[in-house]
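Below you'll find a set of structures to go through.
Shared between the two complexes below is chain A, which has chain B as its partner in the first and chain C in the second.
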Partner chain A sequence: MRPWPLSLIALSLILATPIFVVLSSVFFPAGDIWTHLFETVLARYISNSFALMIGVSIGVLALGVLPAWLVTAYRFPGSKVFEWALLLPLAIPAYIIAYTYTGMLDVAGPLQSNLRDAFGWSYGEYWFPEIRSLGGAIAMLSLVFYPYVYLLARAAFAGQSGSVMEAARSLGCSQRSAFFRVALPLARPAIVVGLSICLMETLADYGTVQYFGISTFTTGIYRTWNGLGSTVAAAQLAALLLGFVFILVSIESWSRKQAQFFNTGSHSWPSPAVPIVGGRLFIAYLVCGIPVSLGFVVPLIQLSIWASITSDSIMTADFAGYLFNSLTLAAITSAAALILALFIAYGRRLYPTQLSSAAARVLSLGYALPGTVVAIGVLVPFAWLDNRVSAFMVARFDFNTGLLLSGTAFILVFAYLVRFLPIAMNTVDAGLTKIRPSMDEAGRSMGLGPMTILRRVHMPIMRGSLATALLLVFVDVLKELPATLLLRPFNFNTLAIRTYELANEERLADAAGPALTIVLASLIPVILLSRSLERAKDVPSVGEKP
Partner chain B sequence: MGIKKIFAYVLSITIFMVGIVSAAEVNVYSARSEDLIKSALDRFSEETGIEVNLITESADALIRRIELEGFNSPADVLLTVDAGRLFRAKEAGILASIDSSILRERIPAAYRDPENQWFGLSLRSRVIMFDKSRVSPSEIENYEDLADPKWKGEICIRSSGNIYNQSLLASLIEHAGEEATEAWAVGLVANMARRPQGGDRDQIRAAVAGQCKLAIANTYYLAGMLNSDIAADVEVAEQIGVLWPNQGDRGAHMNVSGAGMIKTSKNADEARQLIEFLSADYAQQWYAEVNNEYSVRTDIPMSATLQRFGEFKADSLNLEVLGRNNAAAVRLADRAGWE
Partner chain C sequence: MLGKSPDDGFIKMASPALQLDNVSVRLSGHLIVDSVSFSVSAGGIGCLLGASGCGKTTLLRAIAGFEPVSTGEILLDGAVVSSPSRALDIEKRHVGMVFQDHSLFPHISVAENIAFGIQTLSSQMREARVKELAGLLEISGLLDAFPHRLSGGQQQRVAIARALAPRPEVLLLDEPFSSLDVELRETLAREIRLVLKQEGITAMLVSHNQFEAFAMADEIGVVKSGRLLQWDNAFNLYHTPASLAVADFIGEGVLVDGQMIGKNAVETELGIIDTREIENFNLPDTKEISLLLRPDDVFHDDASPIKARIVEKAFRGAVFLYTLELESGTRVLSLAPSHHDHDIGEPMGIRLDVEHLVAFPKLPLA
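For the complex of A and B:
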């Protein structure tokens, strides 16, 4: 085998060790715990997880697809602002939005308290939706995850050739029916990718469902481990979860194969945006305004109010250190993820084999695993390796090397890669599939070398996808909590850890300061991301120029 | 560069790094969050010159990390916020006995391991709290009464996934047996005002908002609300009364935060010094004043806030039992439908 595909598979195997660690648990006996789970809680874990996935699917599609269509196909005052503002909820960690809405809408929160005072009601005499419920969890997760769908749908709509839309309209389609009959089917593969990212995030979420008291697969894994005290059964539950995700990933890649569309016309230009006026303008504002205000503005205001009460005691000198640690980890990981994703994507393009695509599929499972499971899966092989090296060195040189890698930032970044490389791979893949092999051939027939083709043909087309990959990973690392908690070195804090510790002590108002800083720190990459997408839009995404 | 040269280079760097960290230090793996322990650790460093390195995480994850790190684990001391986890650490075989007359004298037997592998450092109780405007303290007496149908739809309590509820169940199993405790849990679930959700403070807030009359919570949460910067929290907490359960018999259910020394510790002397420091006057008063916990010692006064809750009789059950019965407690909660 050639070196590239070989190293591709080696890399995949190394990065997939935590997944294999989880899967290997099925070979160990777990006693009677499975009988117990089966008789009591397993059905609830499964049904709640399913309900959550279905609900979040509906939620993210509703919140993500329509606004993406509106800001690309129409023109209205403020549409340019919405174009980037719709990404902002990405900056808010799921458990933070859950805390803020609970603070506002809970039975003891200011809204219900004021209602009771104003009308002289007492609890039970009026109806109010229960925020800490399955429906509430679906709403919270949809509000922070829909930007993935929006991002991919918008890129797909923007990349659609104007000639296709013109053909549709010349055949008598209105703008609206052109959406349903042409644009949406063409964008389907991209939307499915976005949706699958949302669903994996949903399955991996622990903070929100735990706080809302919803028993899901993820809370079940923790309960089996911490409560029933069985590491093996907990890992087996995680393996079962991976089984579901594998089905999900397979459906996704199958659906992508079913719907491979290339723009084939030799003339390609962006579809002209149609102006919106009158009463429809109101609807457009509603469709674009609801996701941004509920997913970003409202939580931001609540966090700011809390932070203003507690800022003195919380904004200490250590704060700059937390920010620095968070940003450094995010920068290193996102750069590494981008390089690895490019390496894998090109490897698969140049040497497509069954094995390499299977390897990619296994790697993508990491995204759906709860962070703690990934962290332990990373610690197991590294600690083993460290201890073997140490034992060897002691025996051979009478010198103990101790733990060389465990307990360093290195394995932290490794764990982040296990978890977030899939999102970079997906995004880079999406960019690369837009470049048809004939374009490479054309370049080569004109005597260009591979590096020149890369620089002059691929990079301009891929720029948007690469920026997306980089920044999605960056923001995800800023928000990441469980793996950071378990794997970090001594005396090492991040903003997410600081937020969690205060929130975990039920000091939500104190947690608002660091939470707000995460949001603000994520804002910079999110805005950069939309800028770079803006620029990338000038380049026809399919690459042909008249 | 030859292999030998590279090797020598790596070796010298490693020795250099080891050299840096070999000043007197102690490495703490803490399930207690940084805010609730850091200033006591800083004080220890000031007094002794021993540097303290800290990682915080949930106890189960830390225990697993220590197990996996094996002989080379840098951990010297494990701090947890619950006796059950100390017991689990002992069962996992990662703790070492400390032979310290100071610790034995200061800490009552119920609050430390019979084999001196772990030591309780601060106490909290899980009590019945009530909305003073709607409940008179004479209406309820014991934990057992929480299953009485007269409280139907009137009890707020968080998930049984929470360790403090598991420990309460574990103590009931010890006192009344598994069957009676399961019947009790079924009764409690039937009396719940809502599906278990949120944290302890949320139960207290819900009681004052009128969703339930009784809330089950740990004492320091109510004390923390009374001392809060947030006016609304203080207002809520003022309306809550504390009922000490089972004062006619065994006493209120207690739990500890505590510490144990790791078996593979390379700084065993420093580790012992740290645990002794945490049981000494300064740290004990700090636990009481800053964290609103009860001292494990009888000679340390309660904080002013805790004095408002009054004197009480504490259950003298050895807390090892909480760990021993933990898995049984969770299974029982699963069967009783306590989410």
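For the complex of A and C:
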């Protein structure tokens, strides 16, 4: 076999190691710990994770589907603004929104303090919903994950041929019943895709459930490993979690295929938007306004207030250090991800074999892996390798190399690549498919060499996609919390870690500085996404997921 | 239609199933349909024929209720459904619509598609109606299939069955055959016509293809730039077009110059036409006229003293369509049986055999 496809397969095997490691852990005995887990907490992990998933499903469907229908089928003052504003909560990582609302709503927070002052109540005399609860976690996760459902539902509604709705009308349906009998069932596969992405994110969430003290798989993995010190048991928990994730991945890809059958034809016009007036306008603003304000505007304002209060303590040398660490990690990872993605994409284009596309499929699984699972899957083989190298060096040269790889930022970049390379791959693939093979052939027939074609044809067309790939990976690394937490070198802090630490020290106002920095950076890809909304009529691919 | 009842002597108006009075449609400020009037009697099949962008689809959509009218009235079975001041909701008009892309619902089976508009019926009646229509349109074997498995022609049959299921007052068809193979179009058009006639359904279709229109419709309206140029049957549109534009759109033909000699004869390069031998014609008042010559007006006759040189020829199976050039440079078309095989450049004897004289005032030279 030629070197290119061969190295493609090798690369996919290396990056798939974490999955294999985690899955193979089920064959190793974990001893008493597993019995202990089984007897004590496992049932709670599973029931909590399920309760979260059910709650978040209801939450994201309620927050995402109806606004998507309103902004596509109707026209009202501000509907164009809502169309992109509804995406904004994507810019807020779940753990940050959890910290923000806790700061606002807990006993010492501004809301309860003001209520007490206004009514003369004192603590314990009145009932107030506890934000640090399962319900609170469901609300937080729903508020930041619903845009996935919104995005896919909106694209599905917008892509529906207007004549299908008109056909329903001519067969005696009112606009309302046409929605329930035609538009909604047609959008169902796309909505299920969005929902499965939300649930993958829910299963992957660590920051929110950890902060709210809810035992789920992710917190369990962390505790089993850090507290109980059992890597094998942690990996086995991760394998169980992975099982759930794979079910979601299958549902997602099945629904994507289903969505293609539900395509209503391309040579047709979209339904003209119906104007909303009068009392219904109020309902429209409520339906579209609540997700945006609770998911983005309110937390952003609160974070800004805190950041301005604590501004003196933000701009310190320490902060510059976290920022530098974060930016460096993000820059290195995104550059590496781009190079690998290009390598894979061109490898598949030049040597289109079954094996190389299978390798690419394995690689693309990474996006569904929770950060904690990746961390366990990366740590185990690296630790093993380090031990081997160190034992060999001690025996041979009497020199202990220690944790050569697993104690450094290298392992962190590797874990990020496992998780975020698929995002770069999708974006680069999307760019490369714009360059049809006939364009290469046209170039060759005009006497241009391969390198000239690359420079004069491919690069200008690909430039936008490459920049997007860089940006998406960069921001995702900036936001990433659980894998960083588990794998970072000792005393190595990033913006996300610092936010997490300060919040866990109950210094929520101080956490606003790094948190706001992350949110503002995350806004950039969301803005890019909303700008491409006008063009996107198909079911967006995972690569467009910021 | 006016009719006299033998019993009471009152004059009764049997209102047409579909009637348009002076209808105009404006879309975002542009006049798309301009003062169109016509009517289709119950059980009749009408067709709006015109090039794409002429406004015919907008007119159909106005009848369905998808577009408002800016002037005039649309009446279904004598009742006003559209006027500038009010428009009956689409779902209350009882019109069936067949869309250009068929627009079947992809998430439900063929049977469920057909039953979509008859949910208020009992399930036995629904099933019976679906079976009846499936038999009529010869899609009984497809009822359990999903739309994406069907060919274009099958989708078309399902779309028609679905639209017919609620027994609409009028069936509207928007370019119903345009997405089908050319060979399939006319066959299906004739077949659908039979079904509609069998069921006694009033229908209105929109087409840019005259052969499709001829195969399907009783009466055809030629539409250009939003105006209805002529509303007539196919035969009359072809043989007695009311205007140059209609003549140009329908069929093949060329205009040749002619001169009136007295009242009853027209002199042309191809000889003199005695109008007394022709039943059906109207002549303009001018002396100089332009005459529409169809290919079947120009006969191949080796004995004829008038010779023309063959410039082009197209084999059409049973016949050749020859393009011929007269000495003056005027070109005419002629159909000749295909055993009259002549080469390009050869002279050919021709004579006129005009049964329908179509003439317009002579066009000023451009």
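To be clear about the criterion, the second predicted complex is superposed on the first by the 325 of 546 C-alpha atoms of A that agree within 3 Å, B and C clash if a C-alpha of one lies under 4 Å from a C-alpha of the other, contacts with A are read in each partner's own complex, and residues count from 1 in each chain.
Here, contacts are C-beta pairs under 8 Å (C-beta built on N, C-alpha and C of every residue); 3 or more make two chains touch, one makes a residue touch a chain.
It should be emphasised that the depicted structure is a prediction, and the values quoted were computed from it without experimental measurement.
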Once chain A of both complexes is superposed, is A:V41 in touch with chain B (first), chain C (second), both, or neither? first
Which holds for A:Y101: it touches chain B only (first), chain C only (second), both, or neither? neither
Counting residues of chain A in contact, which comes out ahead: chain B or chain C? B
Once the structures are superposed on A, label A:W84 by its partner contacts, choosing first (chain B), second (chain C), both or neither. neither
Looking at the overlay, what does A:L379 touch: chain B (first), chain C (second), both, or neither? first
Tell me which partner A:R169 touches in the superposition: chain B (first), chain C (second), both or neither. second
Kindly classify A:P185 by the partners it touches after superposition: chain B alone (first), chain C alone (second), both, or neither? second
Chain A partner, complex, touching residues on chain C are 64, 66, 89-91, 93, 95-97, 99-103, 105-108, 116-117, 146, 148, 162-163, 165-166
Taking the touch rule as given, give the residues of chain A at its contact with chain B in the complex, in rising order. 36-37, 39-41, 44, 102, 106-108, 110, 112-113, 116, 122-124, 130, 132-133, 210-213, 215, 219, 222-223, 225-229, 231, 309-310, 313, 372, 375-376, 379-380, 383-384, 386-387, 390, 399-403, 406-407, 485-486, 488-493, 497, 501-502, 504-507, 509
If you look only at chain A, which of its residues touch chain C in the complex? 161, 163-164, 166-174, 181-182, 185-186, 188, 261-265, 267-268
Would you pull the chain B residues touching chain A in the complex into a rising list? 11, 14-15, 18, 27, 33-36, 53-58, 60-61, 64-65, 68-74, 88, 158-161, 163, 166, 194-202, 205-206, 208-211, 221, 224, 229-230, 232, 236, 326-327, 329-331, 334-335, 339
